[in-house]
Structures are given as structure tokens and as C-alpha cells.
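I've put the structures underneath this note.
Each of the next two complexes has chain A plus one other chain: chain B in the first, chain C in the second.
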Partner chain A sequence: MYLSILILPFLGSLVSGLLGRKIGVTGAHWLTCTCLILASILATFSFYEVGICGSPVSIYLFSWIDSEFMSISWEFLFDQLTVSMFIPVLYISSVIHIYSIDYLSSDPHNQRFFSYLSLFTFFMLLLASGANYFVMFVGWEGIGIVSYLLINFYFTRIQSNKAAILALTMNRVGDMGLSIGFFALFAIFGSLDYSTIFSLSPFINETAITIIALLIFMGAMAKSAQLGLHSWLPGSMEAPTPVSALLHAATLVTAGLYLLVRSSPILEYSSTALLVITLVGASTAFFAATCGLVLNDIKRIVAFSTISQLGYMVMAVGISQYNVALMHVVNHAFFKALLFLGAGAIIHSAADEQDIRKLGGLIPFLPFTYSVMLVGSIALLGLPWLSGFYSKDLIIELAYSRYTFSATYAYVLGSITAGLTAFYSFRLISLVFLGLPNGIQSTYNNIHEANVVVIIPLFILALFSIFFGYVFSDLFVGIGSDFFGSAIFIQPNNISLVEAEFSIPILLKLLPTILSILGGGLGLLAYNWNKGIQLMSENSKFIQKVYTFLNGQYLFDVLYNQFVIGKGIHYGYIISKVYDRGVIEAIGPFGLSNVLQNTASKIAKLDTGVITTYSLYITLGLLSLLFLVFSPVLLDTSLLSEMRLIIIYLSSLILALW
Partner chain B sequence: MLSLLLIIPILGSMLLIPVSEGVSNQSKMKKIALITSLINFILSIYLWLQFDSSTSQYQFVYEFNELSFCHFNIGVDGISIYFVLLTTFITPIALLANYNTINKNLKYFLISFLLLETLQIAVFVVLDLLLFYIFFESVLPVLFIVIILYGSGEDKIRSALLFFLYTFAGSLFMLLAILELSHYVGSSDYQLISLCEINLSSQKLLWLAFFLAFAIKTPLWPMTGWLYRAHADSPLAGSIILAGTILKLATYGYLRVLIHFLPDATNYFSPLVQTIALITIIYASLATVIQQDTKALIAYSSISHMGVVVLGIFSNTIQGIEGGILLSLAHGFVSPALFICVGGVIYERTGTRIILYIRGLVTYMPVFTILFFIFTLCNTGIPLSLNFLGEQLSLIGIWERNPFAAILGATGIVLSACYSIYLYNRLSYGEYSPNLKPLKDITRREFIVLISLLIPTIVLGIYPNIILDSLHVSVSTLLYLV
Partner chain C sequence: MSAISPFSSAHRLYVKSLYKRCLKNSLDWTIRRDIWRRKALEIRAEFERNRNVHDPRALAVILEKAEAELAANRHPDPYILPISPGGTKWERNTPPKMGPIFDHLSAEHHH
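And now, the complex of A and B:
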């Protein structure tokens, strides 16, 4: 059963991709959706067996690499962490497959699209179920490749091409870090199996552990779009919206989180790495939320919101609350997929208009979409008893209860980010649904609610966004819950759940919620009730400057284009033109042939045909000969052997340069 | 049996000689050459099945006692058998890749490739250093003629000359070293040399001479200039042989001569080798990024991959050396495949190799694009491909020797993705170029060629133990006890 969870999506992908012409569009729809739904059902069983009944499964297939003491095998591990990842991946993938049937109905490349989606699911499952770092890496790279293909789905568009290349290469930077991490892991532990590494990590030098943890984090940073390696994610919004929902919100970007949570037994023994992770996570959350404030593209707003939420998750890892991070991964997957699919429904019905300034007043046209977007938004900003409340607010509380500098930094930024999140969420709702219509009339004439194939996935995701946190929070993050068993390791010193629950002042506990409500209120106020605020702020020089800065996304892209890519290409040019085809050529082959030619022509010039010159040569030659013969007498005999060579050389040189 | 491998291609060329050149005979000649090389391939597979992987001895040894000036005996061990297999595998691929494009002087084209096969197999199987030199060099004139006669570029003569001069200049020192070595040992037989104790100071000199020859062949920085020219101007089959097997002569040379016979000097010089290899990786990768000629781009990318191979081989660990061999083989599959993609499939249809002229091929050539994409990914070293294993094992090996070398070597992971995906994306995606006429997707012949290069890459990437099992024993004899 466990392997068929993996194989079913792969089978669907293979058949619909390679035999797409034979099975047709409908065939591809039916096949991939059936495979995915079957896999989801099996995953539910596995969640029951492994997760709730607590019996992890390990499956050994065959040996992969066997070289001296290096032994890596195709081995799969289905423990609580794996099945907890299976649930969001497979459920969301299934609903997105169904949603895409309608979304892509007018596209000529349906089979290709569904093949990619299923292939992505397969690699994601492989990533979550590998029992060593190499098998995990297969899935890790696989999702990167499929992400490239999906961003490039509309392959004739230059923007898609650019975004796809950026996504792939930027992820490769993380892969490089991760690969170096593997080398270090292997050199220190002599193995890449989770079981060996995790059982040995308490006994390893802390510096070594820190280096490994930071390298692993580098990989996670690229995949999970953390500050510095984030700029591929907004670009990837060029992909069709279901792709954004599945890959760039719900699952692919959480691969980095999965890696960190999986590596908890390593991270826990390095306080330095945890410190770095906390700082990066909190900064990312804040950075992305501020950027989200000023954007106008509906998909980009949700993308930056994703980066921000990923920052929260990384922050939770940094304060050693892996189960909370995982809970937020799952919750976020549901409500963010909902937001994206809702945005997709809006874009689709509003004639592909993505600019929120050109929408507006959509409530009467799209009541259902409005409701699900609202549900998604308030779940995102963590209104009590919706799913975000059980994970996001908990992360912020837990950050306060650690009482360290980095955790307090995380608490402050996390709380502010909560307010900002609410602001941009309600800005989006205000501009898109409330107020007056701002688009052209012909668009509005044709707006209609999508058909039932779209409504069912949205409805399912809305249900999950509302209830998942309430139902499963005690299982995942409840005090004393041993759901994760040995899949997650938290050092006893780092457990702060009790502290967070019982000893924080109530005001500090409620601060994120209060800020959320304030932010949301401000968003409604500025964009809906009193637009004078906008006009006032537009006149301020300072706010204009801030706006430009935020709109440039802290100028990261400028930095990269100018200093990394520009310099790289410049160096490539210098190497290729100045060195490889310049200096080396001039010294090497060209130089050699020139020298030989010149020397030859010079020697040829000696042949003048004048008798006096020849007599000079004869005299010179005779003299040299005499000198050579009598040199032992003239020079010290001990120097003889070397000196004779030098003299021959000198005399020939003189002759040549005549 | 090993001698059969050497004789069959020669027999094939004998058969070709009496056939008169002419359009009517062309398909017959091609069939003769192809069938000969296929028979050789099947025979080498049989040889491999018979191979005993539990010993590091030379196997299938056969002696020609009739020759007196040297010890003409042949045999294979775990290190050489895969290079022999690679050669017998690549030759039919090379013949098939240029199946329809060569019309003039076809007979001599086929004969030279069959001859090249024999000569290359001979390099890998002879057990005598002098003969190794002779066969190592004998590849040059044949390839020189192939480039000059069948090449496509404008300055193919200069390229061929450079190719010849570069490699020949290095080999001169190798010849001197071989003479000195055989003078010292009294024989040039491998087994005798390996038993002989040579003091460190002479080892150093000998090592440098050998290294120069192999470094030019690899090629390592700064002797890289000949490779992209030779690739750009040689016919497709020439590029395939050059990338697939000729570069592996150097890999084999490192393993057989430098590490095996001169272990102390190898240990002494390994920081030098690492430095040069790292410079090669980064230098070649950066130069690759801006190449505009597709064949030159892939040639440069081979340089950087060979740099990783050298890092692995000189790591003095089993993982590193096995990784180096795996990456050599993987490069021998993937690089020819990419040459077939850009220099064969695209070039035959569009008549250009300049990246900027081609765009949006996926519109008319979807099947080709899939294969091209997979090979591009293999070139960047994604998991499930043999390249990934080779790269990772090489770098894991070198980490144990020098972590910084591994870190710098890993930059190739990013850079290879940059140039490979740029090439693929630029050629395949975007709007269909207005300069191009509608093109036909790949033919059955091209498909078979590409798929037969793909299958070993993927199968060995998933289950490399097929190869590794017979490498272990031979590779462990190469380790140097520090």
C-alpha cells in the first residue's frame, strides 16, 4: 500500500505524458485524477496506521550505491512526519487536479499539464518518504525540475522563460549548499541514512554540527524562498494559477521546511544554527509582508504572503518547535491553496485581469468566490478558531516564551507581521470585492461564477481551512501529545509549550490578534470607507520614498542583476575573450608559431650571398671551435660540463640574433 | 577474445576497402561498418559478462610473442573494462549519428572510425607502456584527417593543427618519461613497472612529464584551447568520439600510469592537481556561460566536468576514484548525446549552430525537446542520472582529502545549471523563430541513437552497482597508504 501511494501518481504522469495522444484529453483527466484520489485514500489509511496508531513503516527496495563503507539504498521510511506531509500534498494535489480540469479546459496542452502535475506530486511524495538524504534529494531536485517545467508551461512567453530559469538556477544555489552538506555529513557520520545520522548526532562536535546545519539550512532557504534566495517565488507566478496554488504555495515551498523538520536531531545540537534560522525566518516574514503591502498583482500579493508565512514556519523551527512548524505547514497549505484557487477563479472570470486596481465590486458577481476568499484571508490572519489561529499565533507566543534575544526579535517582528498580513489581505478584499467596479464594462458583463468542478475544490479547501486547525491541533501541537514519536526530536531544554500556555501575560498573548484586527480595520478603512487617507499619504514625500523602496522589493533584484549575474557574465566574457582566446593563445600556439617563424626568417637572412659575410661566419665558427677546444684550459675544469653548454648556447644565440 | 575485439574493426575496414565509392554502394558500406561495430559491441558485452570482478588481476590476457621490441600482451582489469565497453558502445553511435550527412569519401570516413575503434581499444587493453604510448598517439593522425576531410568549420585546418600540436607537444614529454622508465626498470611491461620501487625525486620528474601529456588530453587549464576548436570544426561523429572516448584516454592514463606506477609523486603533487582542476572547473564554467556556438558551449561544459573527474580520481579514496570513473562514463554518454542534439539534429535541420538564430523548437519538435531536456538535466547532474552519482561521489571523495576543494568544486553544480538550462531554454522555448522554416521532428534513426544513450545513463543512475561491483577490487589497489 505504501509504495502504491508513490507509484500511482507516477503512473498517471507517465501515461498521460507519453501516451497523451492515445488517451486524449478526457482520458488524461480521468486517469490522473483517479490515480491521485486513490493515492489520497491510501494516504488517509497510512495516516491512520502510522500516525494515529503509531506504527512507522520502513521499506527497503534495493541497494543504490555501494562503495567501500558508503552504503546508500533505495529505502523508504513512512513515519509520522512523512504521513503528515502526505495529507496536505495529496489532498491539495487531488483537488487541484480536479480544479485544473476546468481552469485549463481551453488549453491545447492538457495532457502535458496533468502529466507535470502528477509528476510533481510523485517527486514530492518521494521527498517526504525517503529514508536517507540521497533519496530525499531525488525528490528535492525532481520538484525543482517540474517547477521549472510548470513555470515554463506557457513556453512562448519570455516572462515565463525568464522566471523559470531564475527559479531553477536560484534553487541550484541551495542545492549546492545542500550537496556540500551531504559531503560533510558523509565525512563525519560515514553514512547518509537518517537513522544512523540522527542516532549519532549527540556525540558529534558542535562546530561540525553547526556547519552541517547551516548548509542544510542553505538548501532549505532556496526551496522555501527565505530572505536572500526568495526572488524566484514571485517570478514563478507566471505559471498557471493551479500551479501557483499547488507548487508555489502549498507543497513545493514547504519542502525546505520538511527538510528542516526532518533534520531536527541535527539542528537541536547547534544553538548557533537555530539562532541563524530564527533571525532569517523572522526577517523573511517581516520583509515579505512589507513588500506585500504595495503590490497590485493579485497573484503576487498572495505569493509574498506565502513567503511571509514561510518565514513564520522557519521561525518556528528556529525556536525548536518543529511540530508547530509542521502544523503551520499543513494549515497554510490548505488556506493558501484556497486563496490561490480563489484568485484563479477571479482571474478566470474577469477575462484574465490580475491587477486589483482594475477589479472591484465583485461581490454581487462572485458571491461564492468572495466567501472562500474571505475564509482564506481570515484563516491566514489567524482569527480565533480558524486554522491559522492554532499555528500562527502559537508560533508567536512560543517565540516570546523563549526569553532569548533572537526569539524576542522573532516575537516582535512576528507580531508586526501579523498586523501587516491583515492589512494587505483586507486591502485585497477591499479592492477586489468591495467598493465600485473599476474595470471595463464588457468584462463585467461576462463575469459569472465558475462551474461545479471549480466550486467543489474550493469548498473542500474552505472546509479544511476552517476546521483543520480546530480538529487536529491537539494531535499535532497539544501539550503532552506524543503523536510524532521519534520522528521529531526536541531537546528537553528547548521545550517551551508549557511556558507559552501558562505564564505569558494575556496582553502579550493577544497582541498578534489585536494587531491583526487593527491592520485589517486599517485596510478596510483606507481602501473602502475613507479613501482620503490614501490621498493624504500620496502627498507625503517620505511615504513616496518608502513606497518606491517596498515596490522594488528591497532592491534585491537590482543587487543580483548588477553584482552577481552581471559580474558573472562579465567574468565569463573576460575569461573567454581575454584569456582563453587572448593571452593563452598568444603565448601558446600563436606565440610559438610566431617565434619559430621569426627565428627561421632571421636565420634565412644570414644567407646573404656575400663572400665577406661568409668569411666572417667561418672566422667566427673557427674562433668558437677553438674556444671550445681550449676552454678546459681557459676555464676552471670543475665548471666545465655546465659551462660548455652555456657557451654553445650563447654562441648560437649570438648567431641567431645577428 | 580480447584480440578479437581489436581485429574485428580492422576486418570490417578490410571488407570496405575493395568496395568502390559510389552512390549505389553507400548504404552497403554503411551497413558493413555498422554491423562490424555492433558485433564488436556485443562481443564486448559478452566479455564483460565473463569478467571476474573478484580479482584485480589482468584478465583475458593474450600474448603476442612474435614481437620482440616490446612486450605485446593485452588484458583488462576492472579499471579498463568499462572504458573498452564505452568505446565499443560509442563507435556505432558515432557511425549512426553521421549516417546520412557524409556523402563524399564515405569509405574512408567509415574506415577511419573503425580504425579509431581498434586503436582506442588497444590503448585500454595493452599491458605495456611503450605500446600504450604508441596507441595513445596513433589516435591523433586519424582524427586529424577526419577533422580536415569531413569537418564543417571555416578554419578547420587550423583547428586540426592545433589539436594535433597541443596533444603531440604533451606526448613528447611522455615519450621521454617512458624511455627513462623502461631504461630504469629494464622493461616497459605494466606489471614489472608496478613492482619496481622508484625513488621520489625521479618519480616527481616522471610524474610531471606524464601529467603534462594527460592534462592536455583531459584538458585541464590552461591547455584547453584545442578542445572547443576541434569540437566546433570536426564532423558530428568526430565530436562524439572526441567527447565520448578520446578524453577518457586521459582519465585512464591518470589511473593506470600516474596513480598506479608513481603513487608517491601522485601523493606529493595532489595539491597541485586539485588547484589546477578547480581552476579548470570554475574557469571553464564561466567561459561556458557566454558561448554562442552550441558545440563550443558543450565542449566547454565537458572541460568543467572533466575537472570534477580529475578531482575525484586524485582524491585517494575509493568513493572519489569510483566517482571519477562513473562521471567519466556518464560524460561519455551525455556529452555525445548533447552533441547529437545540437550538432546533429538541430544543425542538420537549420544549418546553424549559433544559439541566437534558433528559438522555439518545441513548437515543431516536441519529441526531440523531451530528449534534449533530459540530456540537459543529466548534464547538470540531477539525481537518477549517472552524472549525479559521479559528481557526488567524486566530491565526497575529495572532501575527505580537502574540504575546500570539495566546496569550490561544488560551485560547478550552480554554474552547470546556469549554462545548460540557458542553452536548452534558448533553443527550445520562446516564440518560434521567424528565421526558421517549419522543421520535422527527429527521425527514427536519431531517436534510436538518443534513446540508446539515455538508457544506460538512467539505468546506471538508479542501479550503479552493476558497474561498481567490478570496480571495487581494482580501485582498492590504487589507494595510497599515507
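And now, the complex of A and C:
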């Protein structure tokens, strides 16, 4: 059963991709959707068996690499963490497959699209179920490649090409760190198996653990779009909306989080790495929320909201609350997929209009879509009793209850971010659904609610967004819950759930919620009732500057283009052309021809056509000749040699002057 | 634009384009049309005020000033129609060229 969960999406992908012409568009739809739904049902069973009944499964297939000390095998581990990742990945992937049937109905290459989607799901499952870092890395690279293919689905668009290349190269930066991390792991532990590494990590030097943890975090930063390596995620909104929902909200970006949560026994032994993770996470959450305030593309707003929420999750890892981070991963996957699919439904009904400035007043046209978008937004805000409340607010509370500088930094930024999140969510709702229509009349003439294939996924995701947190919070993050068993390790010193639950002043506990309500109210006020606030942006130079700065994403791209990319390409060229050639090349044929060419061109430069230069050559030539003639005398060490030497020097001086 | 004499058709087109760009830029900032209406009227009034300027030099100064103001107020993320160049649907699923297949063998070699 456990391997079937992995194999089914892979088979669906193979048949849909390689035999697409045989099975046709409808065949590809049916096949991939069936495979995914079956895999989801099996994943539900596995969640019951492994998670709720507490019996992890380990499956050894066969040895893969066996070289000296290095022994890597195809081995899978289905523990509580793995099955908790399976649930969002497979459920969301299934509903997105169903949703895509309608969304992609007017596009060519359906088989290719569904093949990619299923292949992506397979690699994500492989990533979550590998029992060593190497198998995990296969899944990691697989999702990287498939995300490239999916972002580039509209391959005739230059923007898509650029976004796909950006995503791939940005992820490569992280993968570089991660690979070096694996080398370090192997150098120190002599193995890449989770079991070996995690059982040895308490006995390893803390500096070594810190270096490894930071390198692993570098990989996670790129995949989970943390500050500095984030810019690929908004760009990848070029992909069709279901792709954005699956990859850039629910699954791909959570791979980095999965890696961090999985590596908890390593991270826990390095307080420095945890400090860095907290600071980066909190800064990312705040940064992305401020950018989200002023964006106008509906998908980009949701994308920045994703980056911001990923910041929260990384922050939770930084304060050692891995189970809370995982709970937020799962909750976020549901409501963010809902928001993306809702956005897709809006875009499709409004003649592919993505700019929220040209929408507005859509409630009477799209009542169902409005309802689910509202559900998604308030679940995102973490209003009480919706799913976001059980994880997001808890993360902020836990940050406060650590009583350290970095955690307080996270608490302050996290609380402010909660307010900002509410503002941009309600800005989106106001501009798209409330108010007056701002778009073109022909768009409004043809607007209609999507068909049932879109309604069902939205409805399922809305149910999950409302109830998942309420139902599963005690299982995942309840006090004393031993659901995760040994899948997650939290050092006893770092447990702060009790503090968060019982010792924080009630005002500080409620602060994020209060700020959320204030932010949401301000969003409604600014874009619906108060006309002055909207005019301010045009009339005030200061606001325009801030707007431009935030809209340009803190000008990160400009900085990268100006200072990093050019130099990177230059050094990369040198490395590939000079260092990578190796010794054999350097002193072999390439080196020889290079030396000859260089020498020839240098000798050719002597031919300057200037008389004085030529006279210098003549003088030098004369001196050399003299040296050659007198060298037997010069190099002679007998007694008379000094006398002779003086005579020679004088005569050559006279000759030279003459 | 001083090379264009006032009230030539090129001049009229240019002023119309400038007017439209001002309106669009302003709408990009304000978003809601009912609130923007007042601003649109202000822009119109500004253009109307200089309606009867005939001196080419004076016109050039006015237009230059308007251009500079527009550039200073420019929206960083202007609205682009999805199917226009730079829009979200631009170049999506461009149909492949369906002309006859080029016959390389019988074509003349060019050097």
C-alpha cells in the first residue's frame, strides 16, 4: 500500500506523458485524476495506521550506491511526519487535478500538463518519504525540474521562459548549499541515513553541527523562498493558476520546511543556526507582507502572502516548535490552495483579467467564489476558530514565550505582519468583490460562476480551511500530544508550549488578532468608504516613493541585476573556462595551444613602429650579446676574475654610451 | 516637440496621446473611477487652460513641463491589458507557423 501511494501518481504521469496521443485529452484527465484520488485514499489509510495508530513503516528496496564507506539504498520511511505531509500534498494535488480539467480546457497540451502535475506529486511524495538525505534529494531535484517545466508551460511566452529560468537558477543557489551540507554530513557522520545521523548528532561538535545546519537552511531558504532567495516565487506566477496553487502555495515551497522539520535533531543542537533561522523567518514574513500591500496582480498578492506565511513557518522552526511549523504548513496549504484556486476562478470568469484595479463589484456575479475567497482570507488572517488561528497565532505566542531577543524580534514582526496580512487580504476582497465595477463592460457582460468541476475543489478546500485546524490542532500541537513520536525532536530546554499556553498576559496573546481585525477594518475602510485615503497615493510624493519601493520588492531585483548577476556570470565563466578544465587540460593540448597563442600575440606587440623602442631593443640585444660573449669569464671564480670583470663592465659601458 | 507646428495633425495626435497617458496614469494610482473622476476633470481643465496657446515656443515649454510631471508621477506598475504586449496573456499559445515546409534540398545554397 505504501509504495502504491508513490507509484500511482508516477504511473499516471508516465502514461499521460508518453502515451498522451493514444489516450487523448479526456483519457489523460481521467487517468491522472483516478490515480491521484486512489493515492489520496491510500494516504488517508496510511495516516490512520502510521499517524493515529502510531506504527511507522520502513521499506527497504535495494542498495543504490555501495562504494567504500558510502552505502546508500533506496529506502523509504513512512513515519508520522511523512504521512502528515502526504495528506496536504495528495489531497490538494487531487483537487487541483480535478480543477485543472476545467481551467486548462481551452489550452493545448493538456496531456503534457497533467503529466507534469502528476510527476510533480510523485517527486514531492518521494521527497517526503525517503529514509536518507540522498533519496530525499532525488525528490528535491525532481520537484525543482518539474516546477521549471510547469512554470514554462506557456513556453511561447518570453516572460514564462524568464520566470522558469529564474526559478531554476535561484533554487540552484540553495541546492549548492544543500549539496555541500550533504558532503559535510557524510564527512562527519559517514552516512546519509536519517537514523544514523539523528542518533549520532548529540555527540558531534557544535561548530560542525552549526555549519551543517546553516548549509541545510540555505537549501531550505531557496526552496521556501526566504528573504534574499525569494524573487523566483512571485515570478513563477507566470504558470497557469492551478500550478501556482499546487507548487507555489501548497507543496513545493513546503519542501524546504519539510527538510528543516525533518532535520530537527540536527538543528536542535545548534543554537546559532536556530537564531539565524528565526531572524530570517521573521524578516521574510514582514518583508513579504509589506510588499503585498501595494501589489495589483491578484496572483502576485497571494504569492507574496505565501512568502510571508513561509516566513512564519521558518520562524516557528527557529523557535524550535517544529510541530507548530508543520501544523501551519498543512493549514496554510489548504487555505492558500483555496485562495489561489479562487483567484483562478475569478481570472477565468473575468476574461483572464488579473489586475485587481480592473475588477470590482463581483459579489452579485460570483457569489460562491466570493464566499470561498472570504473563507480563505479569514482563515489566512487567523481569525478565531478558523484553521489559521490554530497555527499562526500559536507561532506568534510561542515566539513571545521564549523570552529571548531573537524570539521577541519574531513576536514583534509577527504581530505587525498579522495586521499587514489582514490589510492586503481585505484590500484584495474590497477591490475585487466590493465597491463598484472598475473594469471593461464587455468583461462584465460575460461574467459567470465557474462550472461544477471548479466548484467542487473550491468547496472541499473551503471545508478544510474552516475545520482542519479545529479538528486536528490537538493532535498536532496539543499539550502532551505524542502524535509525532520520534519523528520530531525538540530539546527539552526549548519546549515553550506550556509557557505560551498559561503564562502570557491575555493582551499579548490577543495582540495579533486585534491587529488583524484592525488591519482588515482599515483595508475595508480605505478601499470602500474613505475617498481621501485613495487619493493620497496620487497626491503625496512621499507615499508614491514608498509605494514604488514596496512595489519593486525593496528593489532586490535591481540590486541583484546590478551587482550580483554580472559578476556571477563573469566569475562563473572564469571558473568553467579556467579552473574546471583540470590539470590535464591546462598543461595538455589546450594549455599548449593557449601558451603558444599568448606568446605569439605578445611578441607581435613588440612591433610598435617607434624608433626609440627599437633602439631600446638594439641596446638590450647588444648587452645580451656581450653577456653571452663574456659569460665564460663572468662565471669564472678564479682570483683574476674580479679584475677582468671590472674591465669588461667599463668597456661595455663605453660601448653602450657610444 | 518644438519641431511640430501647433495644430498640425501630428501635434493634435501628440496632445491627445499625452492627455490619455495622463488620465491612465492617474487612474492607475486612484483605482476607483468615481473618486478618480474629479482628478480626470482637473487634468482636462489643465489641458483646456492651454487650449489657445498658439506660440510654438510657449507650447513646447508647456508640453515639456507636462511630460516631466507625468514622468515624475509615473505609476511603477501600470495597468496593461492581458492581451497587449507585456500583459499576462501576451504570447500565450502563439500558434505555430503553418506555411509550407521549407525545402532545404532544392533551395539554392547561399554563401
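Following the convention adopted for this analysis, the second predicted complex is superposed on the first by the 566 of 658 C-alpha atoms of A that agree within 3 Å, B and C clash if a C-alpha of one lies under 4 Å from a C-alpha of the other, contacts with A are read in each partner's own complex, and residues count from 1 in each chain.
Keep in mind that, in the parts below, contacts are C-beta pairs under 8 Å (C-beta built on N, C-alpha and C of every residue); 3 or more make two chains touch, one makes a residue touch a chain.
Everything quoted here is computed from the prediction, not taken from an experiment.
> Classify the contacts of A:571 with the two partner chains as first (chain B alone), second (chain C alone), both, or neither.
first
> Which holds for A:588: it touches chain B only (first), chain C only (second), both, or neither?
first
> Report for A:102: first if it touches chain B alone, second if chain C alone, otherwise both or neither.
Neither partner.
> Answer with first, second, both or neither: which of chain B and chain C does A:145 touch in the superposed model?
First partner only, chain B.
> What is the contact status of A:158 with respect to chain B (first) and chain C (second): first, second, both, or neither?
Touch status of A:158: both partners.
> Looking at the overlay, what does A:544 touch: chain B (first), chain C (second), both, or neither?
A:544 contacts chain C only, not chain B.
> Once the structures are superposed on A, label A:193 by its partner contacts, choosing first (chain B), second (chain C), both or neither.
After superposing on A, A:193 lies clear of both chain B and chain C.
> Which partner, chain B or chain C, touches the larger number of chain A residues?
Counting contacted residues of chain A, the larger count belongs to B.
> Looking at A:79, would you say it contacts chain B, chain C, both, or neither? Reply first, second, both or neither.
Neither partner.
> What is the shared patch of chain A, the residues that chain B and chain C both contact?
The overlap between the chain B and chain C interfaces on chain A comprises residues 156, 158.
> Once bound in the complex, which stretches of chain C touch chain A?
26-35, 39, 73, 76-77, 79-80, 82, 88-94
> Show which residues of chain A lie in contact with chain C when the two form their complex.
Interface residues on chain A, with respect to chain C: 107-108, 154, 156-159, 295-297, 351-355, 357-358, 360, 431, 435-436, 438, 527, 531, 534-535, 537-538, 544, 547-548, 551-552.
> Flag every residue of chain A that touches chain B in the complex, lowest number first.
62-68, 70, 74, 134, 137-138, 141-142, 145, 148, 152, 155-156, 158, 160-161, 164-165, 168-169, 172-173, 175-176, 179-180, 182-184, 186-187, 568-569, 571-573, 575-576, 579-581, 584-585, 588-589
> Taking the touch rule as given, give the residues of chain B at its contact with chain A in the complex, in rising order.
Against chain A, the touching part of chain B is residues 162, 165-166, 222-225, 283, 286-291, 317-319, 322, 360, 362-363, 377, 380, 382-384, 389, 392-393, 395-396, 399-400, 403, 406-407, 410-411, 413-414, 417-418, 421-422, 425, 428-432, 462-465, 468-469, 472, 476.
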